[in-house]
């Protein structure tokens, strides 16, 4: 073995295998028909509320699926969320406006919305020009969407997907128009600005969890359950190991010292 | 077949590289068993090959740009004259760079050597345009600070207060404002407090995000290597 | 005021971009489209001469090394370099819709390499090392004189609890009420403080870039600074 | 009063743009220099370079583009000066396609200006940009020659005395990365520092500072964040080498920087006052 593998990396291999097993366990459970309960995600609940409010006020709902192309995982996840939003606007009979900056996203979004409107029995309310192509240019797109928001004064703006610097322009326009804004992104460096300017934000991982929840895909939900097991173990380690380290150091108990050495070796690569 | 082959490629490549991370790294004398050598060869050369593919991705990007803008011009779509600007500048820079115009004679030397025309393109066009586009962001932040960043909920309030303290702590104003505090309350000084925010709650939050993403990476990687997710990120 | 044509052109382009602050206009559009073309061309040139030429073409046809340097020693031929070149050519097939399915092969290779390399490294550096760095000091920090450093001990406790709560916020498959809900909620507040710090530093970054541009306009161009 | 404040909230954003530009321009023309002292994040970088043996090769990665240069280039300049002062031999690489150009600028500003007696290939080496991002680092882990057969001038690696016999990344005693995003410091930690055990020190644009601090001090020796980090480093350099008169590029830019922070803070306060005092009946539904 030692001629082939670097045995000092045993802990890394062990942890990797354990994490993989947890995810596999979650997915297998889901395939077996188990549906894990998902905690309430405020941003998701706010979407339904926002669409209802838009209907009452007779004003449109804006949806921007980020500014990246369809090869970005976040854009793909955004299409899942768009499907759910489309079902909401179809049920309430409220107007949906979706500007896009990529022709591929335009095509995909039309397909998703047509399915959504058909699924709730309102195929007649679906119109392809709900989704429009604006421009590929980052700021050019933002400027024109800003103009649309200022004119049409939407009651709700959903900014869901991968955003870069233009997030500020879009969120500011929505806030200024008095829209209820729900943002969601895994682009970490834009999160602070979105949190400051929007009413609800799906933060990083939460954005993908929301998509899994809204799409109802059992495998995604199962994988989520497996990941949660790993994270819970990590939380326990974070809280428990410092206690053991302290006990070993202050009280000088041998067993605590041995446990400390083992766990720290496990974590030390 | 159209779907199977790419999935097999992804899985095999991914699994081989994961294993190779655990293989022994012998010193310069070599002398490892042949399977180890094979893993090390793959580990090293796939990195090099990836770099070559990255350049093809640049080429593909340039070619799609060409295709898009040529079709805009041919069909006289909205704003087509601007597409001419893009096309001319793209082809121009390509000629200047690939033929190494200026600088050392012929194709010799480095494309960024003093005297090369590409340096002029870089300093006269690329740098000012890119820098100005990024500098716009300062204006957007200023206006959003005034018009959109609101104490609308507990979360956004905490965020804004934390941002406020950190920003203030980085100016002499912060030092001046907390000068009245007695020595014993030194930890309440705005500049000290802002360093504390950076090194305690900020690090706690950032570490949680990193740990969370690492777990997500494991799940995503396994899904794709098991052939469940689509390698292209799209839906199957 | 500068007498260099290059600086005048740069200044004019800078002002064209800045005119966007007034409103979207033809000058801005011109500048933006110019940037798209220039940067795409520049990227391709750098990729070609820095990587494709020495790492692929010269390795396949060693005499090519003499093109850029007539005195160069010729390297050994590496026939296997044909594999990435072949995959690269397949990638370009994406431009022809009928053959674009073949472009999935190089993408599959790129995804496989990215995932394969990244899995181990991100678990090591972002999972294990991060937990290790947080827990290893324990909860009892001694001062230099041998006693307890109360401030450092308190900070360490807050760091440990803060990290745990913030991570708990990123778990979803539970009801989210009661104790666990409270933990997750306080984790959200830790995250908000962290985002506040990010916000402040992002503001700093952006202001710096603007100062840089103004230094160019007022200094290099107008000579006022 | 609340009516006035509310109408303040409706102000056209172009007035805000103008205020910012005017304030910054005036401060730039006055040009104050703020005194600075190295923080706990900056100090370890300075010390680790101060402790290098003369003649040690150090891998220096220039991972930034000209658009982020004002926020990171002053750091790169100050640290490179320090490396050369200590007699260390920087070996420049880059993961950004603008890297070779950024090196040319650094050479003009630092080497040509302050160290004209040094010689390329002997006292420093330039391997330059390679495409592939993190994969470049991974290849360097095993063998520098997997990625680089020669330096930018075409001189084979074996003939570069500056390399001092370094064969792979793990041989270097220190990696210094200047980073403005991805690929950058995080990739150097994940793919370079952690697998090989080589210490990584870094400079980054301010925007990256909060995230990279998660790696400090275990996986990262120290961190110079943005203009402020550069200004602190310049101050440390001036204190450590009082007989050399180096430019204080970052220190000079800190004045307008500071004024702009105060202005943004004022915008935040005023905007929120207007928000909190808005007439109730309007609520959100306007």
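Note that the chains take the letters A, B, C and D in the order they are written out, and that residue 1 is the start of every chain.
By our rule, contacts are C-beta pairs under 8 Å (C-beta built on N, C-alpha and C of every residue); 3 or more make two chains touch, one makes a residue touch a chain.
Everything numeric in this text was worked out from a predicted model, so none of it was measured.
For chain D, the chain with the farthest CA centroid is A. One inter-chain figure worth recording: chain B and chain D are separated by 15 Å, centre to centre, where each centre is the mean of the chain's CA atoms. Computed centre separation for the pair chain A/chain C is 20 angstrom, with centres defined by C-alpha atoms. The mean-CA centres of chain B and chain C are about 2 angstrom from one another, to the nearest whole unit.
With centres defined as mean CA coordinates, chain D is found 14 Å away from chain C.
Among the residues of chain D, those touching two or more other chains are numbered 17, 20-21, 67-70, 98, 100, 128, 130-132, 135, 138, 147, 194, 207, 209-211, 214, 228, 260-261, 264.
Residues of chain A in contact with at least two other chains: 12, 16, 19, 139, 188-189, 192-193, 195-196, 204-205, 231, 234, 269. Looking at chain C, one finds that residues 20-21, 29, 32-33, 36, 42-43, 46-47, 51-52, 55, 68-69, 113, 117-124, 126-127, 129-134, 163, 167, 170, 191-192, 194-199, 201-204, 206-207, 209-210, 212-213 touch two or more other chains.
Chain-to-chain contact here is organised exhaustively, every possible pair of chains being in touch.
Contacts from chain D toward chain A in the complex involve residues 194, 207, 211, 284-286. Listed in rising order, the residues of chain A touching chain B in the complex are 2-6, 9, 12-13, 16, 19-20, 23-24, 27, 70-73, 76, 136, 139, 165, 168-169, 171-172, 175-176, 188, 192-193, 195-197, 199, 204-205, 208, 219, 223, 226-227, 230-231, 234. Listing the residues of chain B that touch chain C in their complex gives 2, 5-7, 9-18, 21-22, 45-65, 67, 79, 82-83, 85-94, 96-98, 100, 107-111, 118, 120-139, 141, 145, 154-156, 158-167, 170, 187, 196-215, 217-218, 220-221, 224-225, 231-232. Listed in rising order, the residues of chain B touching chain A in the complex are 18, 21-25, 32-33, 35-36, 68, 133-134, 136-137, 140-141, 143-144, 147-150, 152-153, 155-156, 159-160, 163, 209, 211-213, 215-216, 218-219, 222-223, 228, 232-235.
Residues of chain C that touch chain A in their complex: 20, 23-24, 29, 32-33, 36, 119-120, 123-124, 127-129, 131-132, 134-140, 156, 160-161, 163-164, 167-168, 170-176, 181, 184, 191-192, 195-196, 198-199, 202.
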